[in-house]
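Below is one structure; the comments refer to it alone.
Letters A, B, C and D name the chains as they come in the text, with residue numbers starting at 1 for each one.
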Amino acid sequence: MQIGIIGLGRMGGNISRRLMKAGHQCVVFDVNARARDSLAKEGATAVESLREIVRTLEEKHRVIWLMLPSGQITEQTVDSLGALVGPDDIIIDGGNSFYKDDIRRAKILGEKRIRYLDCGTSGGVWGIERGYCMMIGGPKEAVDYLDPIFSALAPGLGDITRTPGRDQGETRAERGYLHAGPSGAGHFVKMVHNGIEYGLMQAYAEGFDILYGKNSKDLPEGERFALDMADIAEVWRRGSVISSWLLDLSAAALATDPRLDGFSGFVQDSGEGRWTVEAAIEEAVPADVLSTALYARFRSRKNHTFGERMLSAMRFGFGGHVEGGESIDPEPKQPAS
Amino acid sequence: MQIGIIGLGRMGGNISRRLMKAGHQCVVFDVNARARDSLAKEGATAVESLREIVRTLEEKHRVIWLMLPSGQITEQTVDSLGALVGPDDIIIDGGNSFYKDDIRRAKILGEKRIRYLDCGTSGGVWGIERGYCMMIGGPKEAVDYLDPIFSALAPGLGDITRTPGRDQGETRAERGYLHAGPSGAGHFVKMVHNGIEYGLMQAYAEGFDILYGKNSKDLPEGERFALDMADIAEVWRRGSVISSWLLDLSAAALATDPRLDGFSGFVQDSGEGRWTVEAAIEEAVPADVLSTALYARFRSRKNHTFGERMLSAMRFGFGGHVEGGESIDPEPKQPAS
Amino acid sequence: MQIGIIGLGRMGGNISRRLMKAGHQCVVFDVNARARDSLAKEGATAVESLREIVRTLEEKHRVIWLMLPSGQITEQTVDSLGALVGPDDIIIDGGNSFYKDDIRRAKILGEKRIRYLDCGTSGGVWGIERGYCMMIGGPKEAVDYLDPIFSALAPGLGDITRTPGRDQGETRAERGYLHAGPSGAGHFVKMVHNGIEYGLMQAYAEGFDILYGKNSKDLPEGERFALDMADIAEVWRRGSVISSWLLDLSAAALATDPRLDGFSGFVQDSGEGRWTVEAAIEEAVPADVLSTALYARFRSRKNHTFGERMLSAMRFGFGGHVEGGESIDPEPKQPAS
Amino acid sequence: MQIGIIGLGRMGGNISRRLMKAGHQCVVFDVNARARDSLAKEGATAVESLREIVRTLEEKHRVIWLMLPSGQITEQTVDSLGALVGPDDIIIDGGNSFYKDDIRRAKILGEKRIRYLDCGTSGGVWGIERGYCMMIGGPKEAVDYLDPIFSALAPGLGDITRTPGRDQGETRAERGYLHAGPSGAGHFVKMVHNGIEYGLMQAYAEGFDILYGKNSKDLPEGERFALDMADIAEVWRRGSVISSWLLDLSAAALATDPRLDGFSGFVQDSGEGRWTVEAAIEEAVPADVLSTALYARFRSRKNHTFGERMLSAMRFGFGGHVEGGESIDPEPKQPAS
């Protein structure tokens, strides 16, 4: 198939490459000329504007995949494209948009019979090799029409053991993509996916923190171990209940930098973790772990909070405690005599 | 009554003063000579050793109150006193011992018919004026015997509105002290008291953090307020559901230092918060708020955790994200065109 | 002053009574005729429609206080009033609206020069006696104009000890009301107030849960106490760090129903707790305690969650564990021999 | 090698089988005669007492593996064995003992030159096929001596991609077992492993709860999806960041029981999750996710907590709210008119 790709960053560029490798034709655009040129050398048709991308696509139903930062840039580009394409053309937002924005966009574009798909795309820098896991929302016939595209991007069955009870006839889910439901459903599932990701990451982080703390010079000598973080991550990859791809990545990081000195621990979050908590609240679902994983990232980006100063101030107020654990007028250290 | 007081820090010194004011005689000891001298000038009999305190007490049942840092110092002093006093004498641990230590000590001392009381004592630097709230564990007849002491230290009915349903005959609880049960029960109740204290403090801290954050220059101008922390704390003291003594203290701190610049936010914890969580775990009681309040203090004392570096390492591993929110090879910022 | 009051439920009715007692004239309306009649007998002018309330108010600047459930009813009533009143008239939303709704309403009404105040009102069923704590947002001159109203509703200085550093000249905050800032600021502060309230309540709840659990027959006999919940709540009211109005209420409940058999523990939440968490997320402020307190309420209203069934399913999947702690094929209980 | 195995439950039985398959000789014992007989038929030498197991082992250094429920049974069996075996014999506790118990036992047995290893063993019912992941504490020479045993039980390199930076010479960790350090280190690492397991499971559980809630009839029709839990779990197994073995198990459970009607959601916990939290507290490491995952299990086993009744009681106290969201005297539902 012929497909337009807008946004040639790490994700969009690699998606183009994986599609071309599978025999699809890519008409690509990015404001960054270098990114365009690079793809052009690899066989893509590079164009210089949204208008040109639309003009260049020749198939009956134009198909344009957006791989842009969520928020304003995606919003504006969808708007602009909406004015350029026509009935039955398909716009796919492969980024991380908020699912309620998808619902709104699909409705507006639908009034012009433009078809809009929201496609949550997981895989990161590894997707070009491993394939992308895709969660898609929007009209079924558009998803079906694009099956060759999704199928090329997805990992496929690969050598992953099939799930018992799934052994008759492959499903799309088994090949790594899913039509999750109507507009918004794709990004909703991707949003929760990322919310879970935060929780999983924080669980490993806390566990390794406890292991690491057990080596601490702060502990009395007899209570201290000299645990090897890299070996522990490695051994858990084999036959343990907590093996996972995130653990594989942790093991790789620890193998070359066992104290992780290359990282300071200032951790960003993106919208999905926040939206997941908000969705939980809307549904009145308790989501303690996912929330606390989000807050750990907030806290990681602060030196001290005003709240912590409040705690200090209250402690000073009722007990005369000054910070650093020293009392102004400490209880005398009283030996028995 | 005549009573020995060991440990003349802020708590022990003021307890002696409050008892003397009520007409009791205090025989006091502290390793710090200045603390002893100061109390002697105020009317106490100051002595120079545990042995001497025991020798000086003249009543039929010697009564000795320990107000020492919990842990080894208290343990050693109880041990030493155990060898010096005799049957029916009473040792009161007024500090913050772990309640299981009380149970053990009471058993050992009980073999010599020495009576041991564990008395959780709340009130901080304000106790000398407001009186001390006391939660007592140990044999009933010893608690009854010491009623004049507890009664003098407690706040009494004061002008606090009586609890509906409590209007016939004052109870000890209404006067601010309680025989909570057998050995250990006093410090158990005090432990949970402090656990709750952590939770309450953290609730205020988070709330004020959200208020404070609403003034932040990081927010777009239209979404920002200029809330006055001191006035907010003050107004909540009057007629609101969340009025409390901790709020009074917060209001006082904010009245003179509205940004709390005098505090860094490095927050200590003492054993009780930790033991409360452990007690919850022993009983299989979910204690999310009390635990998270404890952890907020742990976190306040760290720059970054190893766990946070793990998060950064994983994020780098799957998405090429580098810290500070910058990607190595960021998605191009794509304007619509 | 003359003031219109719309909504004569527990809050609105008592507010009218407190205002009349202070000499103000109330023109009241409620869809419930009985509520209107009741207030009429107590001296209010009862009317039968919004239109009539507007017509009846005679002062130069009409003042109308809404005390309605937040959400659609308040929204519709503000809309309707907006069409009935004129320039310089003042509408006060005394309920629990979302602060962003206030900002929007104030803007729309402002275009017609109608003045809109958002007034968070705390005090519950006790406000009629204790006075109401009020957090007000909106134009300063409207707040000043209404000072006689706010002043009458507020608790005043009362016999609450003044905050050190606040001893020169009474402030409004000290009398229990506060102009927090422009439109929305009042309900924002009230929202955080309620968020804190959830956290405080949960801290007490968990603490008492741990106390209660220590009496449990599930514990071995030697490790069990027979703690008296009512006495413990009572004693903490006197001189302890955790004394508060919420504790006063807890003590009152426990005094007459020590096992709280009259309550099932199905706990509602209102919008403020949720909005507080969302505000924290918007500001990237970690709010673990406030969130977890909210989630505890969500969980209290469920039998089991789907998530818990997932946990059971996973446990069964990796370990063959069946629920209830029984294994299908349990490890043999192996005595040493 | 010849090895004694005590405890022939699911874990111990399968461990014997895997060892025999690798050519080792197993002398097995269990109080359950049926379990013994079953293993005897498969080639093991079944004996009828601890004494007999010791007598039957013929190698220079007797090696005995305990696979018993942690706690008293393991403790007693170690004690009894300690009296039966001699210098240089090796006892391995392959169960889930508390690591401080290991340290104590190793010390006591070490006085008789008996060597004690603590071996955390992960793998559950799948270990017989996949191999067991083992984390071992104790003297190095004993671990080295037993290398053939550990090597046979471990998964080996298998077809798991090797960790980048680990490509020269296989390490034990890569084959699935690890000498973590001195006595206690094995079970310490296993303990944290299980703590992480709780956190991971809870993250998935909450995520699926949010997905499931999005299908709820409680939501307005336009906001509801009809997400397929089984397909979502399946698609995430392919190329997504959150793929893991726990997800594989979830997918398998959902494939055959998409609403998990076969499970009630009453979730047990074992000691390791609790000890992990206690270790975090000892080290002052914030472990919010691991704690909250534990508490979610506690809560799953209760109907309502006393704490929840406290919340209801307080709400009733300040606002007259009665449970179930109904107010005694609700605010009138006020239509605009």
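Throughout what follows, contacts are C-beta pairs under 8 Å (C-beta built on N, C-alpha and C of every residue); 3 or more make two chains touch, one makes a residue touch a chain.
Going by UniProt, the chains are A, B, C, D = 6-phosphogluconate dehydrogenase.
It should be emphasised that the depicted structure is a prediction, and the values quoted were computed from it without experimental measurement.
Visitor: Of all chains present, which has the mean Cα position farthest from that of subunit C?
Guide: D
Visitor: Taking shared residue numbers divided by all residue numbers at the interface, is the value for subunit B and subunit C over half (same) or under half (different)?
Guide: Same: when the shared numbers are divided by all numbers used, the fraction is over half.
Visitor: If you tally the C-beta contacts, which comes out ahead, A-C or C-D?
Guide: Of A-C and C-D, it is C-D that has more C-beta pairs in contact.
Visitor: Fitting the CA atoms of subunit A to subunit B, what rotation angle results, rounded to the nearest 5 degrees?
Guide: Angle of the fitting rotation, subunit A to subunit B: 180 degrees.
Visitor: Determine the centre-to-centre distance between subunit C and subunit D, using the mean Cα coordinates as centres, and give it in whole Å.
Guide: Inter-chain centre distance comes to 43 Å.
Visitor: As a quick test, compute the distance in whole Å between the mean CA positions of subunit B and subunit C.
Guide: That gives a centre separation of 29 Å.
Visitor: Taking each chain's centre as the mean position of its Cα atoms, how many Å separate subunit A from subunit C?
Guide: The computed centroid separation for subunit A versus subunit C comes out at 37 Å.
Visitor: At which residue positions does subunit A touch at least two other chains?
Guide: Correct list: 124, 126, 202, 204, 206, 209, 213, 241, 245-246, 252, 284-288, 292, 295-296, 299, 305, 307, 318.
Visitor: Along subunit A, where are the residues that touch subunit B in the complex?
Guide: Going through subunit A, the ones touching subunit B are 6-12, 30-32, 35, 49-51, 67-69, 73, 76-77, 79-80, 124-126, 201-202, 204-206, 208-209, 212-213, 245-246, 249-250, 252-254, 257, 259-260, 262-268, 288, 292, 296-297, 299-300, 304-321, 323-325, 327, 329-337.
Visitor: Using the touch rule from the top, collect the residues of subunit C that touch subunit B in their complex.
Guide: Spelled out, the residues of subunit C in touch with subunit B are 122-124, 126-127, 130-135, 154-156, 158-161, 163-166, 171-178, 180-182, 184-185, 188-189, 192-193, 195-200, 202-204, 206-207, 209-211, 213-214, 216, 218-219, 225-228, 230-232, 234-248, 251-252, 255-256, 276, 279-280, 283-290, 292-293, 295-296.
Visitor: Which stretch or stretches of subunit A touch subunit C in the complex?
Guide: 241, 269, 274, 277-278, 281, 284-288, 291-292, 294-296, 298-299, 301, 305, 307, 318
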